[in-house]
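Dropping the structures in below, format is structure tokens.
Both complexes below contain chain A, partnered by chain B and then by chain C.
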Partner chain A sequence: MLLTLAWRNIWRNHRRTILTVSALTAGIAAIVFLDSYRESTFKQMIGVVTTGLVGNLQVHGAGYQDNPDISTVIPNPAQTMAKLQKALPGAHLEERVVGYGLGGSARDSDAVMILGIDPAQQDARSRLFKVVAGMGLGSAPAHRAVVGAGLASRLGLRPGSELVLLGEAADRSMANDRYMVSGIAKTGSGDLDDSAVFLQLKDAQSFFALGGAIHEILVRLEDPGAASAGPLAAARAALDSKSLEVLSWSQMLPELKGMIQQKRNGQYGMDFVVFLIVALGVLNTMSMSTFERTREFGVMASLGTRRRRILGLVVTESLLQGLIGLVIGVALAAAVLHAVGSIDFGSMAGQDIGGVRIPSTVTLSLQARAIGDAFSTAFFIALVGALWPAYKASRLAPAEATRVV
Partner chain B sequence: MAVVEIKDVVKDYVEDGEVVTHALRGVDLRIEKGEFMAIAGPSGSGKTTLLNLLGALDTPTSGSVRIDGTELAKMKAKALSDLRRDRIGFVFQAYNLFPVLTAAENAEYVLELQGVSAADRHKRVGELFDRLGLKDLADKRPAKMSGGQQQRVAVARAIAAEPAIVLADEPTANLDQENGRALMDMMRELNRDRGITFLFSTHDAMVLERADRVVHLVDGKVATDERSRAA
Partner chain C sequence: MRSLVTFAALIVALPALGAGPLPSCPSGAGKPDVAALVERTQHLLEGTSSVATMTMQIRGPTWSRHLKMKVWTKGRDYALVRVLEGSPRETGMMTLKRERQLWDYLPLAGRVMKLPSAMMGDSWMGSDFTNDDLVKGSSLVDDFTAKLTGAVQADGHQAWRIVLAPKPSSTVVWSRIELDLDRTTCLPVEQRFYDDEGKIARTLRYSDFRKIGARDFPTTFTVLPSEKGHSTTVTYDEIVFDVPIADETFSLQRLQRGR
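So, the complex of A and B:
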């Protein structure tokens, strides 16, 4: 009966309830839209990270993240891969060799990042690069290279050009070799476009004198945007922590994670302002509503209604309005997100934030985090707006309250 | 055992630390089960104050109030609420039905507070409404009922949980003679058939005529306590 009473009570004054719910709806819709816009952008940026160079998780030789030395390796990749696959069923694994050196063409030379990959391990989840001219690496090690678009432009490389690489091998000897450029590629990262040279894994192992060792195993989860904490713990539990380290993308790109957190904190600030404005509106409504019903609360108390129940009734009335505002607000935000569809970043596109390229367009969609934020905001608005009037109503002296006209 | 027993009850109203009204000045009263009695007196004589004390809605400045043998002075707010819910029925001058509930839901309200199941509540209130001739009003909200109908429903609400005593504050004051008589007839019938104890505060001569016992208050004191010959 409490719920029935609460529901009917909020419709005693239709106009006031509609105004209150409208304020709640507008506030919730604003929060959901802005949160979804922000989270859609982050999701796409994180997608670039987790489907690109970094992946969801990476396994290295111990100490590699702090000091990425060419000789810090995973000595038995096959064994480590098998353990990882068992710990993370459904995850996609990729082996990598990573090193640095000098790349030279007939025209110029520049510092390069040399990435050895196995093309056979690149599946639909891998979007390391997109070949924009020429071909990829093919399936066999044949001294071919795919070069980042920025680097190719600076060195004047085209498909078919010769690229000379120089570097330090794992045995500290001088590494050098010639490769034919098979393709020019674009990645999700501006830095990578300006410096990356992709080789076949075996070519890179040979170049850096690694034998069968590699520098990292990349883990891509089934959902690129999935939280990393669970898989991270599972991978760490499966591997020897003395010889290997496992890191999540957020640990490898703390600047990106920091930026995301900073933006979220900014949004929380805005949410709080909305919260405050709407909560004051709800407080006003609930104060008026309870003041008008002083005699009724007195009658309730006279009939033996406990204070806690009267408090609960007023809070429930406010929560019901919050719930209506939440449902309509989320629906409204979803409709606006659907209508807008995507946002073109225009001049900002192509810039990097935290080492990740801003996508040219962001497809907007309703985000779970936004709904969660809206839910907690609506709940606390309704609660904060109702608590004082509810407390006052529950503390009314019945003998006096029943005589209020 | 008396349903209500008050001894040497004093009630002073205080404002800013000073007594502004001596509402009751040492009242003794004993009400037995099944009585049908009225408290009369001019305005300001202390009728409402006495009713509030008997209904556990207020506490005396001094003296003792016992309902069903339970001393109210030492009871906490929660226990007083439970006492009102389980042992006391109220009928107010202005009816005071909950406007968003139907007549039947109003009558079920106290039963719901007591934790009676929905099915049991419907059954008990259905039977009560049948008996009191309120069946046609069961699904109506107060705004759709006349004053007389609302007050009859208020009586149904007061007795639905079978309290030890029903306190009615000027129950006929807002009713015309015909509705007032009908209401009093209904309460008298409940008193005779079910042994429910009724206590009215009233100015209404018609109510006073029908009461078995009339206590007159003057200036916060019991001036007379008369029983009718019929009682």
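So, the complex of A and C:
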């Protein structure tokens, strides 16, 4: 009844309603588009993190995150992996050895990060690197290495080249050995492209004199963008907290997390500006519309309509316009996002934020968070814009109001 | 017969190398010539050439290990270090310095690796000594401007304190070095190395002075870095100064053959 009445009322002056709805639509579309664009970028960056070097969660020997010493290890990986898999049934687990050293040849050398991985554990969820020349480690015999593209070009390495590694081992001796480059790879991170040497897990374990120990177990959740809190708690509960630590990607990359948070706060600022501008417009039209209907509200009041119902009617009229604006605004933003498709960062590409490379192109799509933001903004615009006129309409004295021409 | 030839070569070579006796110590002087003091210290520690065998004890908070090595030096430009005894994969490891460049021979890899010049200030073999220390990369005389700041008590010695500031042209990693010299003997007591932030990055102590030829030489060097629980001690088992060394010793081709 209230809804029908409100619906009929807003189309009595359709020109005004169309104008109000247009302003709302434009504001909402702007919020949804910019928010979606930003969240699409974040989603892609988080995807790079959780499917790449970092994963959703990591297990280390206790204290490794603060002081990544080569001798801080997970001493019995098989046992830890089993416990972890039981606690997180759908998750995918990968073992890692991580160390630092020098890589090079008689001609030149450079600082390198040495990553031991088990190719058999890399599945569809692992996007640690993409081989751009030669072969990966999958079918390679022992003593093969995959080298980051930046490092390879600086050291002049090609598939088939010889790579010499030098580094401090867990027993503090100087590890040194020779490997054959099987492939050149690109990762999601500029730092990594410039320094990474990937070895088979067993080769890395013997290089760093680790025995069967490893440094990290990576946990990749089924959904790369999944929240970490639940799985983090489950993993922590399953493992001995004295000898092992479990961290989420946002704890390991606080800069990235901070950057995302900061940009989201910026988004709230923009939402507020849109809210102010559009809400003032709505306030204006709703004031006009209630003023014009003073006599009508007077008649309603004298017929015994409760004040609360009149207030509700005006607010509902405004909310209805807000809803129309929201639906059209989201649809418009979705259409624009689809039409633009993807954004090329051009000169920005190749820069790193928090150790994660800014994706060179971002595929845009409508993001749930953006719709949520737009919904609350539209709701408050309609509510705030209507409250004062609605209040005034509901407080009209029936006798005087009916006399207004 | 062989030793006779060496002896003869030594007699002939000595004056040619300019290895004069160590300048005397101006003990008791009210205001000694600081440049002369620094030059005397460098000459005392390095000579014009040297061959030494030494033991290096490297200690960390929970571990300790030792290396035995032999070191050849010739002037400032040539040095060779060879690990005689260490963990199985380190034995036979060598570091060669030729002018401003460094190479490592890696015995397990059977290959030579050229070290980036930026690595001069990095740890040598995981010890608290840097590559620069080991191959005498920088020179107290040539790379620093010395200033005498006064007489102090250091480690129970009446000592001169000399502050060495790196010259703009030098590539030294330290922002400043303080050197304490015993006032009566002019022998080094302690050296402190300051980082960019003006904090002491490490302390080098000289002890166990023994008569080596004409000089009193500190046969124990101890480095204490700022990290707690770490230290490295080098003890000279044997050292001779100002001996002729064939250029061939410092050849890259020889290093590449692992000999």
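Here are some notes:
As a convention for this text, the second predicted complex is superposed on the first by the 400 of 405 C-alpha atoms of A that agree within 3 Å, B and C clash if a C-alpha of one lies under 4 Å from a C-alpha of the other, contacts with A are read in each partner's own complex, and residues count from 1 in each chain.
Everything that follows uses one rule, which is that a residue touches a chain if its C-beta (ideal position, glycine included) is under 8 Å from a C-beta of that chain, and two chains touch if they have at least 3 such contacts.
A quick note: this is a predicted structure, and the numbers were derived from the prediction, not measured.
Contact with chain B, but none with chain C, is seen for A:295 once the two complexes are overlaid on the shared chain. Of the two partner chains placed by the overlay, only chain C lies in contact with A:171; chain B stays clear of it. After overlaying the two complexes on the shared chain, residue contacts for A:162 are found with chain C alone; chain B is out of touch.
Once chain A of one complex is fitted onto chain A of the other, the partner contacts of A:361 are absent, as it touches neither chain B nor chain C.
In the superposed model, A:1 lies in contact with chain B only, and not with chain C.
After overlaying the two complexes on the shared chain, residue contacts for A:108 are found with chain C alone; chain B is out of touch. Within the complex, the chain A residues that touch chain C are 102, 104-111, 162, 164-166, 168, 171-178.
Listing the residues of chain B that touch chain A in their complex gives 52, 55, 57-58, 77-78, 81-86, 88, 90, 92, 96, 98-101, 105, 108-110, 112-113, 157.
For chain A in complex with chain B, the touching residues are 1, 4-5, 8-9, 12, 295-296, 299, 301-307, 309, 397-399, 402. On the chain C side of its complex with chain A, the touching residues are 58, 60, 63, 65, 86-87, 89-90, 93, 103-104, 106-116, 119, 125-126, 256.
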